[in-house]
Each structure stands twice: as C-alpha cells, then as structure tokens.
Amino acid sequence: MTNKLKNAFLKTADVLVENKDYLTELDSAIGDGDHGINMARGFTKLAEKLSNNSYNSNSELFKTVAMTLISSVGGASGPLYGTAFLNISKVITDQKAELDNLIAIGEEAVAGVQKRGRAEAGEKTMLDTLIPAVDSLKESHQQGLDMQTALVNCQAAAKLGMKNTIEMQATKGRASYLGERSIGHQDPGATSSYLIIKTFIDQFA
Amino acid sequence: MNKKLINNPDDVVSELIEGLVLAKSDKLDKLADYNVVVRKDAPVEKVALVSGGGSGHEPAHAGYVGPGMLDAAVAGDVFTSPTPDAIFEAIKAVDSGKGVLLVIKNYTGDVMNFEMAAELAEAEGIEVEQVIVNDDVAVEDSLYTTGRRGVAGTVFVHKIAGAKAAAGADLKEVKRTAEKVIANVRSKGVAINPCRLPSAKESTFKLAEDEIEMGIGIHGEPGTERTKIKSVDQIVSELLSDIIADLPFTKDDKVALMVNGMGGTPLMELYIATRKAINFLTEQEIDVAKTYTGEFMTSLEMEGLSLTLLKLDNDLTELLNAETEINLFK
Amino acid sequence: MNKKLINNPDDVVSELIEGLVLAKSDKLDKLADYNVVVRKDAPVEKVALVSGGGSGHEPAHAGYVGPGMLDAAVAGDVFTSPTPDAIFEAIKAVDSGKGVLLVIKNYTGDVMNFEMAAELAEAEGIEVEQVIVNDDVAVEDSLYTTGRRGVAGTVFVHKIAGAKAAAGADLKEVKRTAEKVIANVRSKGVAINPCRLPSAKESTFKLAEDEIEMGIGIHGEPGTERTKIKSVDQIVSELLSDIIADLPFTKDDKVALMVNGMGGTPLMELYIATRKAINFLTEQEIDVAKTYTGEFMTSLEMEGLSLTLLKLDNDLTELLNAETEINLFK
Amino acid sequence: MTNKLKNAFLKTADVLVENKDYLTELDSAIGDGDHGINMARGFTKLAEKLSNNSYNSNSELFKTVAMTLISSVGGASGPLYGTAFLNISKVITDQKAELDNLIAIGEEAVAGVQKRGRAEAGEKTMLDTLIPAVDSLKESHQQGLDMQTALVNCQAAAKLGMKNTIEMQATKGRASYLGERSIGHQDPGATSSYLIIKTFIDQFA
C-alpha cells in the first residue's frame, strides 16, 4: 500500500509539472504568477526524494512528503500543503482504507490548512476544493455508498468546488488585494488541490 | 519574452546571493546549503534582526545585512516566501541568546513560513518575536481579509529597529520600536512596464503602450486602477495624496521620504519624481527631514516607482540617522 | 515609443537637477540659470574638481558632488555636452584660488566645450588643468582618430583625484593622480535593450528579441558586435577577457572591480554578473580588492551592464578607500 | 542687409526645426541620435533672440549668433558652428558682398571649425560639406562667373560634399567609434551644414 501511495505521489508530481504553466497563468491573473512554479519545484524535489528512498509505513511516507514540501514549495501553498500532509501523517495507518478513515484523513488535512491559513470555506482558496471533497465523502458514507462511487463523487465535488471559486471574491491570500476584481478568475490553489485529488483518485478508483 | 542577463532561471537566487557575498566577503557570509546571508561576525551580542522574503526585490533584503541593520536575510525563490527550514537556520546563526526579531512583509506565504520557523526556534529555546509590515495603502485594510501588503516601508523598519538593537535595547523594546515604525509608515506604487519571472514565458501582467497601473504591488500583483499615462508630476501628486490621507499625515508633520525605483526605472526619472514629491509635501507644509532616492525594494525589471512616507518624532529621527555600515541606506 | 516617468521632455535635465538638490539641500546648491550642481560649502580651500557631460548618465555626475569627490558637476542636455558658459560658471563657483581640474570624458563635444570654458577661465586668471578619460576598450585606439570613449571608469577618477585634492595636494599632483587612474582603468559594456532620448520618438537603436550588442557606448552608440543572447556568465567572461588583454592586467595584479548597470538592469542581474566577474578574475589569479555593484554611469533606461577594472597600487588603494560623503561610491 | 541676413537665420531656424527628426535619425545610425535635437534647440533659442533684438552691423549679428549657438547647442556641433560664426563676425563688413569677400568669409568659417575640431577634409564631418562649398566659390571666382551662378554652383557642391560623406569612414567625432561600420551612412553634421548653406543661398540667389 505504501508503495502504491508513493507511486500516486510520483504521478501527482508529473501532473503538477505538466500543469506548471497553467497554474502560473491562473496565479498571474489574481496573484503573483508563481503557483505553478512553486508546485512544480516542490513536487519535483519530492519525486527525487521518494524515488531514492523506500518507506516502511504510510505515516513515514506522509511525514516525508510534508517535510519535503515545507522545505521546497515556499510561498503560501508550501506551509499549507505541508501542514495538511503532516496532519495526515499523524492519523494515517497501514490498514486498508475504508470510507470512515478516509474521511478522518480528509478532515485532518482540512484542519491543517485551516490551522495554518486561518481561512474558511468561501474565501476563494484551496479550501474551496478540499472542504467540498471531504463533505462529499461524508455524504457518501451517510448514504452507505461503496468506496468506488464515493471516490467518483468526491472527485466531482472537488471539481465543482474548484469551479465555484471563479465566482468568489478572495478574502485570503494574495488575491484578496484585488477585492472585487478577484471575481471571475479560478483560484490557482483550488486548482492544484483538485489536480492532486483527481490524480490520487485516478490511481485508486 | 523579455531578455535577461542571467544563466539558468533556476539558479538566479543562489547566484545573486553568491555574487552579493563575494563582493563583500569581508563582511558577509552565506550559510552552506541555504540562500541565507548573515553578518560575518554573527552572532553579535545584541538582539538579532532577521528578515527576508521572496527574491526579485534586490537590494532587499540581503543588501541590508550589516552593522546597524539586519543580522540575517533569508532569500526565497523569486517572489516566493522562503521556507521555514531556511528561516530557522538564519535564526540559529544570529541568535546570541538575546533573542531574535523577525521582520515579515504581510503576505500569507511569508507570515506562515516565518511563523513555522518561529515555532521551530522556540522549540529549541530561542526567544523569537515578530512584526508584520503592511504599509501599502493601495490595498484596502480590513480585519476580515489578509490586510495590506508590506512593501518599501519595510526598509525603514530594518534601519530603525536595527539601530535600536545596535544600541543595546532588549527584544521587547526592539519589537516596540519596529511596531512604531510600522504604525507610522505608508507607501503606494505605480508601474509603467511589467516584469517577468525568470522561469515564466510571459510577463506577469501586460500594459498597453500608453497605459500605466496605479497601486501596483511588488510582485506584479494587479493594482487599483489602470489609466492612460500621465505626467510624473500628476502621478506623484496622486500617490502622495492617497498616502497622506491614509495615516493621515498633517501640516507640520516631520517625515522621511523614500522615492523607490522598481528595478527598471532610470535614476533620472526617480530624481524628477523626487523634485515633485518634495515640492508637493512642502506645499502641504509637511517637513521633509530626509529623502532617500534610489532602488530599495524592487520588483525584478519592472518600470515604475513607489513613494513611502514615514512620520518621524525625535526618537525615530535619531534612530534613522544612527550610524550604519549599509551605504545603500545611510 | 517606450513610456517614461517624466513631464515635458524639454525639462528633464533641469527637473532632475532640482530633485537631486532638493533631496540634499543641506549639502548641495544649484547655480541659478545653469544646470550646475556645486557643494554648498564651495569654494573649499583646496584644488577643485569639476566634471560633467551630457545628462542621462545619472547618478553621474551630479550624484558625485560632495566632500571627497567632485566640487561641481555640469549637466548638459540628454547625451549632449554642456556648453562652455555653464562650465565656466561652475569653475568660477568652486575655484578657491588653488586651481581647478576638469575631468572630461573623451567625446569631441565634451572636449571642445570644456576646452572653450577653460579658455574663458584662464582669461580671468583661474588656473585650470584637464584630464580626459578614455577607458572604453570597445573602441580601437588610434592617434589619427578621436580615440576611445570615456565611460564608467570616470567615476574612479572622481573618487581618487577627489581624495587627492581633499588631502591637500596641489593642482599638478591632483592632475598626475587623475592621469594615473586613467592609465590604469579599462571598461567594456553590453546592451540587451536600447534607450530612447526623451524628445525622440524611437529608441536610438533596435535589438531583436534574442539579440544583444557587445561593446556598446553609454549614449546608445553602436557597439562592436551583435550576437544572439548568451548566458550572463559567457558575456561577463568575454567582456573581462577583452578588458584584461588590453592593459594588460596580469596574474597577481590587485584590482578594483565595478559592475555597472546601464539604467534599466535590475540589481538581481548585476549581482549575478558580479559573481561571475569575481570568480573569473580569481581564476586568473587577479586579486579583487574592492567591488562596486550598482548604477554608477547609466544610459537612460538602457538594459545592460559594463565592467570596469582599475589596477591598484598602494597609493591608489589608499585614495580609493579614503573617506567621502558620497554613499553611492563608498 | 543685416536685416536680410537676420531673416536668413530665422528661415534657417525653421528649416532645422523641420529637419529635426531627419537629422536625429542620421545621428542615430552612427552617433548618439541628438544632432537634430541639438540644432533645433540652438536655432530655436537663436530665433527667439534675433526676433527680440535688432542689430546695427553684420558683425554684431554674427557675434550674437555665435554666442547664442555656443551657449545652447552643446555637443560637438555647438562649439564648431559657434566658432565658425564667431570667426565670420571678425571679418564680415556691411558692404555689399562680392565673391571675393564671400570666399574670405567661407575660409574663416572653415578655419574656425578646423581650429576647434582638428579635423581635415575626408574625415566624414561637416567639413566635407563646408570645404567643397568654399572651393566651389573659389573656382567660380577664378572662372570669372557671376555671383548668381557662383551661388548655384556652391549649393550643388555643398550637396555633393554632403552625399560624399556616405562613402567615407569617420575618423573624427562620435561616428569614428564605429570604424568601418560608419561607411554607408550620411554624416549628420555634413547634412546640417548643407541645410544651412542651402537656406542662405535660397534667400540670396
């Protein structure tokens, strides 16, 4: 399992590098134009690190991911993703994932981002992808859906969350300096969060 | 895609830091493996000042490391906050046991990364305080948002808090002094031509042949208003009006003025802007006690300028004029 | 037509001079009716140094007026030598009876206008000497032509001859010292983007998106070679090779290095160039005793840089390090 | 006569202002792109000065022209034209011009430029217009041609001189820095000299 997760991170690195220009373009419109560069730099570092090492537990893997991203992404997204993965490393086990512990993991990730960034849903940030994704898992769980369907629904919810940032006015992060003029643009961090979620789910669903 | 005098875009930060340290190898050191510049004689028996942020703002911040200003500067990638591990190394390298003040520009990324570094330092028993500079009046101030950006006014914090620390004040006093500067400093900028990140293909924004943007940030962040180009006298008057109204600065106030070039602006234009700024302030009966014209907080090769006013009392005046080895900001 | 932060193109020189003097009103004066900047305490009881030339090279030359460097600077129109009457006024304002040294960059216009001013001054009984700086190795040297251009090396003449005069040397000695600097200083520059005269519609030259020009002058004069853009390390190596071969500078020489921005070049790039320059010279076992990185002799908003080497002996080293109030060139 | 000469200077000012961009363009190719600006600035100053004053003698007029140009043109062309006109002021009388005293005036002008600039014919400067113009007057005088024909010939010789600078390599002035690459471009100073000569002759021929 740890190995499968490691491969999912490697795949995510590829996806983020492929989307470097796209994320940078989104960030140019309402930020400082470096989000793609930051994510590509951090995940390239991460891929290097993971390729050269093996990990005995999921927790160890996620801790490495967290520390590597923290010390190489920089900007706002570095500490946020870093703290999210660090929080995950504290709760993830090596048992086969069930919907309920997937939800716990998602909640920890969101809690990490919120602790660090002090933002709420609706402020046009990565949280607007992450929170709907976790909410979707919870709903699937309540409705007793199977894992496969839950993941598909989760991916769709993340995508919708990302798209919804277009109409939001940013009140956190660099885009908030724009006030109303931030409306009409998709948030770069919400987009990278969607790409990460999508890639992981594609690997497992 | 505008030309640049660089090598590999991925190496610009490490190479610029190397160049800076080589040029002053008797005064500065670079920490191995980190883009961190420290005073060669660090740690000095006094409260230490650490600042930093994304690169692309040269001479900020590494150019301000030296007696009377910073003890260390941490350089992130271009326009990207440095990471906590690098900041933590800087803190460890300059702490003499008297504590460390972090001077942070108010960007979410900077605030979070410095905060994480502070947590790491505190866990090792280092006393750390932080101040957050937010002098850009182009951004609306609100409790519910990230607040204002930190821009060129940061250099006044380096100078004045640096002088306070050099004078032997303790960490709380140095922090209080820094906060006093922050409470009294305001800036606003304009761009007439954009900048391009070394690793990006296009400039961060575009301006037409006859367009300028008021209220621009120092990372190519969009400003508040796009207009047709105007005379520099008109531009300076508008920027100063917004700055003055904000604090507000009033008749008989004594101020320091900074006319800051954004990287691609020739000195000729900065001097012409200085002329209008001083004349404008003098008309408002605001007393310009000291003027700084040059490049202090740039934005790669962006063309444009920012104006900063710092309201002075006797205490701040004395610290501003205190001895420093940083020729850039004497 | 690139944008500029100016008012009326006809007023740029008078306004920039006004701005400069307003910003340092405790130290500088402007002569009424002339774009001449003089030390406020002029005439000082010592040999006086007067320099100047066309404008557009800021901070040269008015930025170098002050204790330890120049006594007066005469600013001509943009890229145009000042006229004899203005130079004559400058000479009269600073002569203390101990004579005046004119530091002239080698351009036909400058040489003729300064010469006419010297004739006027001598007719009034003022002792005047002149030195002509010609440090640009991009131009072939020949007795039958105008010879080489004077570029950034001129600032070393201001500093060192200024220190000699401040130390109380007489006119002949100050002149001899200036000539020694001229004999030992060499420069060469590169442009990656051109400049435009404020009153012209087009830039003085054009470069394609991937083109640079080596051996460029400081007035947009064409250089020696147009090539595809290269890495800055490559560019610095080529410029230094030409400079070193010219004097020649050899193993174990001690030098001062200047990395000079042309006006639109961001400091980031100048620091990166500094890194390579120092490494290159160190490899050649040339000892870089002092490094100046910044804007010292610009060419409006031109993007590019020039490198200057000055070969030092003990005498020149001491004068270069002598006290001056000019923070720009400490 | 002094008044007619004054008007010729006013007309020359118009012509140089009209040719400002053209002269600047020529100077951009092999110099520093300011010759048109310098000449326009100086002659605009001169026109102002002349319009507001009257002159009792040709000598007084030429002295004023010289001093005004010296203190307002700058660059290389200022001292050169200034010295030329200053020299003329020393020899010009108020008698009706004959070919022989026109030649004397031309020779003085050339001598002034040469004293100041230490250049010879063939170095791609204003002298390459001025010297052929004076030589042409001399030839006309030798051949006993009338004033009118002499002036027409002189204008043509000046024009040819100007054109001949295209093929020359500059060894004086800013264009000399270009070495061989100065070949193929018409000298800006030779061009302004032609414009001055042409305008004067047009007024009198």
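Read from first to last, the chains carry the letters A, B, C and D; within each, the first residue is number 1.
The definition used in the following text is that contacts are C-beta pairs under 8 Å (C-beta built on N, C-alpha and C of every residue); 3 or more make two chains touch, one makes a residue touch a chain.
What you see is a predicted model; the values in this text were computed from it and never measured.
**Student:** Which chain has its C-alpha centroid at the greatest distance from the C-alpha centroid of chain B?
**Tutor:** Between chain B and the rest, the longest centre separation is with D.
**Student:** Distance between chain A and chain C based on Cα centroids, please, to the nearest Å.
**Tutor:** Taking the average C-alpha coordinate of chain A and of chain C, the gap between them is 55 Å.
**Student:** Would you kindly tell me how far, in whole Å, the mean C-alpha position of chain B lies from that of chain A?
**Tutor:** Chain A and chain B have C-alpha centres separated by 32 Å.
**Student:** Which whole number of Å gives the spacing of the CA centres of chain B and chain C?
**Tutor:** Taking the mean C-alpha position of each chain, the two centres sit 29 Å apart.
**Student:** Name the shape of the chain contact graph, picking from line, ring, star, complete and other.
**Tutor:** Here the contact pattern is a line, an open path with two ends.
**Student:** Using the touch rule from the top, collect the residues of chain A that touch chain B in their complex.
**Tutor:** Touch list, chain A to chain B: 21, 24, 28, 30-34, 37-38, 41, 70-80, 116-117, 171-174, 176-179, 181.
**Student:** Over in the complex, which chain B residues touch chain C? Could you list them?
**Tutor:** These residues of chain B touch chain C: 1-8, 12, 15-20, 22-24, 55-56, 58-59, 63, 192-193, 209-210, 212, 229, 231-233, 235, 263-276, 278-279, 291, 293, 295, 298, 300-301, 303-305, 327-328, 330.
**Student:** Which of the residues in chain B come into contact with chain A in the complex?
**Tutor:** 54, 76-86, 107-109, 112-113, 115-116, 138-140, 142, 144-146, 149, 197, 199-202, 204-205, 217, 219-222
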